[in-house]
Amino acid sequence: MNALTERISTSFNAQGLMKTLGARLTQVADGVVEIEMPFSSALSQQHGYAHAGAITSIVDSACGYAALTRAPTDRHEIVTAEFKVNFMRPALGSRFVAVGTVVQAGRTIAVGTGEVRAYGDDGETYKVVALMQATFMYFDPGA
Amino acid sequence: MNALTERISTSFNAQGLMKTLGARLTQVADGVVEIEMPFSSALSQQHGYAHAGAITSIVDSACGYAALTRAPTDRHEIVTAEFKVNFMRPALGSRFVAVGTVVQAGRTIAVGTGEVRAYGDDGETYKVVALMQATFMYFDPGA
Amino acid sequence: MNALTERISTSFNAQGLMKTLGARLTQVADGVVEIEMPFSSALSQQHGYAHAGAITSIVDSACGYAALTRAPTDRHEIVTAEFKVNFMRPALGSRFVAVGTVVQAGRTIAVGTGEVRAYGDDGETYKVVALMQATFMYFDPGA
Amino acid sequence: MNALTERISTSFNAQGLMKTLGARLTQVADGVVEIEMPFSSALSQQHGYAHAGAITSIVDSACGYAALTRAPTDRHEIVTAEFKVNFMRPALGSRFVAVGTVVQAGRTIAVGTGEVRAYGDDGETYKVVALMQATFMYFDPGA
């Protein structure tokens, strides 16, 4: 595990919400991060699907960490400035995988896109249930 | 408690995620719904603030139920089509109150706006930490 | 006309697109800016209403200038980082008035909201046809 | 030219704004539409770049027509419900090409994404200056 993966992993483990949602960091690569979350009724909305807020939580973190892989060396922390998410189908599945990708990383701001895939019982085929476009801000934690 | 409030209350209680986040439905009025969530480390992001996903979850539900108060009588269920949220400050506070308002309710689509207020230790003053603009779709559950 | 109004007016007049669309700057106040655009078939989409892009253009400029009224003194230029617009009804009217308001102005980023009002033939009553939520970045043109 | 391309071309030519902006429909394929717009000072914002509103106008139309290529046969008209656009760099170039793609087409709603490419003087290399994520509504013009 290289230094960047380790830093992101440590940061992820410090997110109480990810633990609460049962989410795990499953991939960190240059510009792309994946987070997985098994379905549970503890995540549901009123019709029994995963709540838009739970789906958003994992894709926000995935996109943010993807942006962090391209952070300026002197600004290695990140916050979400804003995001927009389309929910394209009911979030039905046995597990959800959020894939976040950084599209552009400047000195102050990064733009990312992400999708959330809902896997069926076969564990292999999936449908994209949500699409994110987001803006992040880099900052220097010591400033 | 009138029929609409009862229906929304029943629906809210069926949301597993709201229970997981410790959120409570605190007000239902014509076109406006409020949801409250005490801060807890189980909701945090990596810097110890409330995670954007937790903040989004309550304001999504608040806006959705606000839209539901204006649903066509034959389409009394709702799903989130999409939303956009700006995070204006770190979500620091002892509790958060999401206020959702319906701006326009058509036959198929409703538009809502919402804000999340972070209350300080005095329990009275607050800062707005997040701003939502969202689109919902009405549907007939029997169709 | 004070210095701020003059600066915004000069900037507005440098926008070729505003001239092309027939838009005029009609109000500059602390945190709020209004831009007016008469309807013309040169602005239409395929059904004869004003195009979403024309409506967006004036409310983007209105929100941006509203944010500029609260710019840090050393960063007195602004660009749009992103925006989101809901189109709530067909943009039908004899003229359109975009009202932009700054919601929060930080050192680097500002958040604004705006609406576009479509006035009927009486010139007095209007309907809100579009709603914007936007993020702007301040910068120092000399840096 | 097949029937769909012809219908979209006729619709495009009915858009007064596209003519005003100097935009041309350059490609219609299943699920993907391209619109091109040469730079002109008539499209500028205050710093001389293309205005966010002009850039948005062409990518909104490109995404909308991309969605129209997948419309239900009985609902062959479309309006923009909402969009979100990130502006990633100054819109500097000799011409701009908006590429709109439909991501999901349901019976009522379609979701599309788009980008705007700014071409340099060599006419071959480009930079992506804007990214859109949008929602469209199909309707039956005779209903």
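Annotations for the structure displayed:
Residue numbering begins at 1 within each chain, and the chains themselves are lettered A, B, C and D in the order written.
Basically, a contact is a pair of C-beta atoms (placed from the backbone, for glycine too) under 8 Å apart; a residue touches a chain by one contact, two chains touch by 3 or more.
Keep in mind the model is a prediction, meaning the values are calculated, not measured.
Of the two chain pairs examined here, A-C and C-D, it is C-D that is joined by more C-beta pairs in contact. In this assembly, A is the chain whose CA centroid lies farthest from the centroid of subunit C.
Note on chain placement: the centre of subunit C and the centre of subunit D lie 21 Å apart, centres being C-alpha means. Subunit B and subunit C have Cα centroids lying 28 Å from one another.
Averaged C-alpha coordinates give centres for subunit A and subunit C that are 33 Å from one another. Contacts with at least two other chains are made by residues 81-82, 84, 86, 111, 135 of subunit D. Those residues of subunit D that touch subunit B in the complex are listed here as 81-82, 84, 108-109, 111, 135, 137. On subunit B, the positions that touch subunit A within their shared complex are 11-12, 14-21, 40-47, 51-54, 56-58, 60-61, 77, 79-87, 90. Taken in their complex, subunit A has these residues touching subunit D: 84, 86, 88-89, 103-104, 111, 113, 128, 131, 133, 135.
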